[in-house]
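Just below is one structure, and these are the notes that go with it.
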Amino acid sequence: MALLEVRDLSVVFQRKGEKPFTAVDGVSFDVDPGQTVGLVGESGCGKSVTSLAIMGLLPRRGNRVGGTATFEGTNLLSLSDNQMRERRGRDLGMVFQDPLSSLNPVISIGLQVTEVLQRHRGMKGDAAKRKAAELLDKVGIPDPTRRLSEYPHQLSGGMRQRALIAIALACAPRLLIADEPTTALDVTIQAQILSLLKELVTDTGTALVMITHDLGVVAGLCDEVNVLYGGKIVERAERHALFNHARHPYTHGLLGSIPRLDAPKGEKLVPIKGSVSDNIPWDNGCAFAPRCPNAIDDCRQTMPVLETDGPGQLRCHNPVELADAVREGAR
Amino acid sequence: MTTIMPKRRKDKVDELAKAAGTSLTAQAFKRMRRSPVAITGAVIVALFLLMAIFAPLLTPKDPYFRYPELFTIKTPNFIPGSMPGFLFGSDEFGRDFFSRVLVASQQTLLVGVLATLIGLSIGMVIGGLAGAFGGWVDTVLMRLVDVMLSVPSLLLAISIAALAAQPSQWTVIIAVSIVTVPIFARLLRGAMLAQRSSDHVLAATAVGIRRRTIVLRHMLPNSMGPVLVQATLTLATAILEAAALSFLGLGDPDTDRAEWGLMLANAQRYLEVRPELAFYPAIAIIIVALGFTLLGESMREALDPKNRR
Amino acid sequence: MTTAESAGTQESTVDTLVSIQDLKVHFPIKRGVVLDRTVGYVYAVDGVTLEVKRGETYGLVGESGCGKTTLGRGLLRLVEPTSGHAWFEDVDLATLKGERLRKMRRRMQMVFQDPLSSLDPRQSVESILVEGMRAHDLDKSKESTRRRLLELLDAVGLPSTSLRKYPHEFSGGQRQRIGIARALTVEPDLIVADEPVSALDVSVQAQVINLLEDLQNEFGLTYLVIAHDLAVVRHISDRVGVMYLGGLVEEATSDALYAEPLHPYTRALLSAVPVPDPEVEDARERILLAGDLPSPANPPTGCRFHTRCPWKQEELCDTDRPELREFRPGHRVACHYAEDILAGRIQPHEVRAELVEEHGISPDMPLVGPASVTEVLE
């Protein structure tokens, strides 16, 4: 059985006097121990909301969460706030995009780490401090003992993200959810953080859910990739398969939109036309249809379902032909 | 029948507005129209304005005439209350109290609006100059404002009023307006400085727009929101402060003049005999101040960029 | 016409549009309650020399804090340069004043990173676009102005109904199109695009990149593109300059820079950019830099990069600041040991991370414990 089984997760936001908005729409995926699963998509595709819903971090009012997220036999979505707080930090760790706003600005780094150790592992005093320094050292923060007494604003962006990872790792969680952990960082710092995450997964067997908009990050890190569009998973595949022959026109389009560092100069990008605001509702059609180069009549009439497609899964009436996909993937 | 036409016209207007695009001001206005707080405030303010404008037509009796039928039965220990023809009864001089409360709205409005307008104009000039030029102009002007701020407002008003050779309603107006100057100056300056470093001002500079045009077309309009909100709120406090100054006897000593603050001041001598003399003007002041405050607060909410969608 | 200018145009077919010479922009750090006292400087741009040729796209790449944005703004005089020159044809922008500077702005325009905040929220698209034309007396008649606006909207791919709408009514990509149209209204020669696509979604980024390329061909524009994303810069630029801590460390054609990076920092940067291809990702050698960018208020002595450089040598690196020298025609590098590194005579070694304080900088802090080491992943 998988470590985390998400089944038919949906999140509907309902603000007073406004139409309800479905941010996540029937998302299902599994995460095995030691596996890295990517959730990829552009802004508004529901990837962050998915992670917040699993972690029980959505605001209590103004939304409806449906489906299940089973972690080692327990449905996380059915737990009370207190039970969930107990789980977070101990079994589940989370790393956010903006490390400065996720760290408490008026508490020292050391205290923020030891707090977690005290709370979930009952460590006290010097033992907790030693462990905290060890953790900071492990995530590559130089001079960890001195850093313990410093405050978030005294650290650089990269160091803050390391501190946040240290806090998330304090109790050796079995699942780590990283929500755009490197988006706010420079590329050389991003490379450091990514290699750190990779190391952690290999060394400790922690499962990692990586949420990002950057297909380059996914290519180097994830075992399995879920591509989200308009709140639904539109394609799921092992990473080599996904990048070598993307079948969904959206995935295919994304890959064509990215300027590649190693592409020969002068090659024109192939953008996806329009923007997310052109989406049509999923109810009776495919949300992507108005932007899709492959759209056929069916796409505006019936909703495509997520079907098995070779080793992966695909939600599309008229996918990119396998032959074309292979040829273009190997450009 | 009657409801159909306006509704259809409204749809038409909305449709046109859609094609033309909706400015932020139009959006804010739309939000205000949906807010019960804004509507309450607007209704109160509108009623008050109507009352002030049409006071001479609304008063059932002459507010300045000492009616013999009231004056003769009035004694130091008895002021006649409500009676036929005199809804609120008599005041301490045998005048029709109801008519006087109505007429007093004119004075209150005049003082409040004039004081706010004068304060707003001077404050905007100071704040605008400081925000547009920055540097030493800003430093000098703002230190000046700091000095003005360091004196408690009522105290400043009292000293101005006391300095005036001949106390009149103008002393009150000027005293209250000077007190409001620093508020507007600081607010506009702060907003202008924020605009100065904004991307769109930088963009306008990069396009080669003249400095003057940037200040007048980009910085000023984008800084006006909080100032307008403050002006509405200041109307409320100006009315209260003017009343307070009149109450303290710093306003026009003319006993004929009807003004809520003055009426309140005079009523304290007869508080045991006839508390209504204090009650009606007090209620009037509170309701008007509340009306402007509600309007101002809902404006603030409507203009808040966080509510933009 | 000056003799220099006529000589210049006769000599070469590809003439230089912009020539930046030893440009410095230092921001004073001020402290004090009543009277501001200058306690130090942020050396945002510290001596940059480069040329942009007419019709080309020059890409300026570097990480946050390297001074690339300040360089662009210093060139356009949106910030005041501390010293140095910025020639636009035969006019030194760095000393231009008042009305002459304002008139000059018609020829050099800017596209901003955040398309929403760079558009006045209270102005309709029409008034945003007309404004620049009016400032430079380009709106001859109502009729011709209107025709011009519709042409521009068409060129940037916006419907003509956009004119009466307001910036907040558009999507991010459309707003950036408005920003580009605004720059085009005054018929400029040069456009400085500061992170033109980094605020946009990936699928929309490509639209804007393609648009910029099309417009360059259509209007014969010269671009200075400033970005942190090396892949974007390489895609769009003819030549690329790499900045680190206020200085240019390497400059080459975009193909040469990718094929044979000479400066250790360029190598690290290239190896850090993720490529959306698992095979490439699995196989590539990654040079991980230790630690963070030092503070530009207290830059390291000698070579700015020596604190993080895996190829740092005992001599020269921490004492002498290397000149940006011509390594081979069209390829400049600022490294004392570029030849030795290229030939493999110097091998990378492990670097211990130096502490970089966000506030309060002391140069002699104890260096304990390794950060991420320089490692070569297979």
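Going by the order they are written in, the chains are A, B and C; count residues from 1 in each one.
Basically, a contact is a pair of C-beta atoms (placed from the backbone, for glycine too) under 8 Å apart; a residue touches a chain by one contact, two chains touch by 3 or more.
All of these numbers come straight from a predicted model, not from anything done at the bench.
> Relative to chain A, which chain's C-alpha centre is the most remote?
If we average the C-alpha coordinates per chain, B ends up farthest from chain A.
> Write down the pair of chains with the top C-beta contact pair count.
A-C
> Express in whole angstrom the distance between the two chain centres, defined as the mean CA positions of chain A and chain C.
So the centroids are 31 Å from each other.
> Using the average of all C-alpha atoms in each chain as its centre, how far is it in Å between chain B and chain C?
51
> Quick one: in the complex, what on chain C touches chain A?
Checking each residue of chain C against chain A gives 63-64, 171-174, 201-207, 209-210, 213, 228-232, 234-236, 254-255, 258, 268-282, 286, 288-289, 291-293, 352-359, 366-372, 375, 377.
> Can you list the chain C residues touching chain B in their complex?
76, 78, 102-106, 109-110, 112, 114, 117-125, 131-132, 135-136, 161, 164-166, 168-169, 179, 182-183, 185-186
> Quick check: in the complex, which residue numbers of chain A touch chain C?
It is residues 42-43, 137, 140-144, 146, 153-159, 186-192, 194-196, 213-220, 239-240, 243-244, 253-263, 265, 268-273, 275-277, 291 of chain A that touch chain C.
> Which chain B residues qualify as touching chain C in the complex?
Touching chain C: residues 19-25, 198-200, 202-210, 213, 217-218, 221-222, 308 of chain B.
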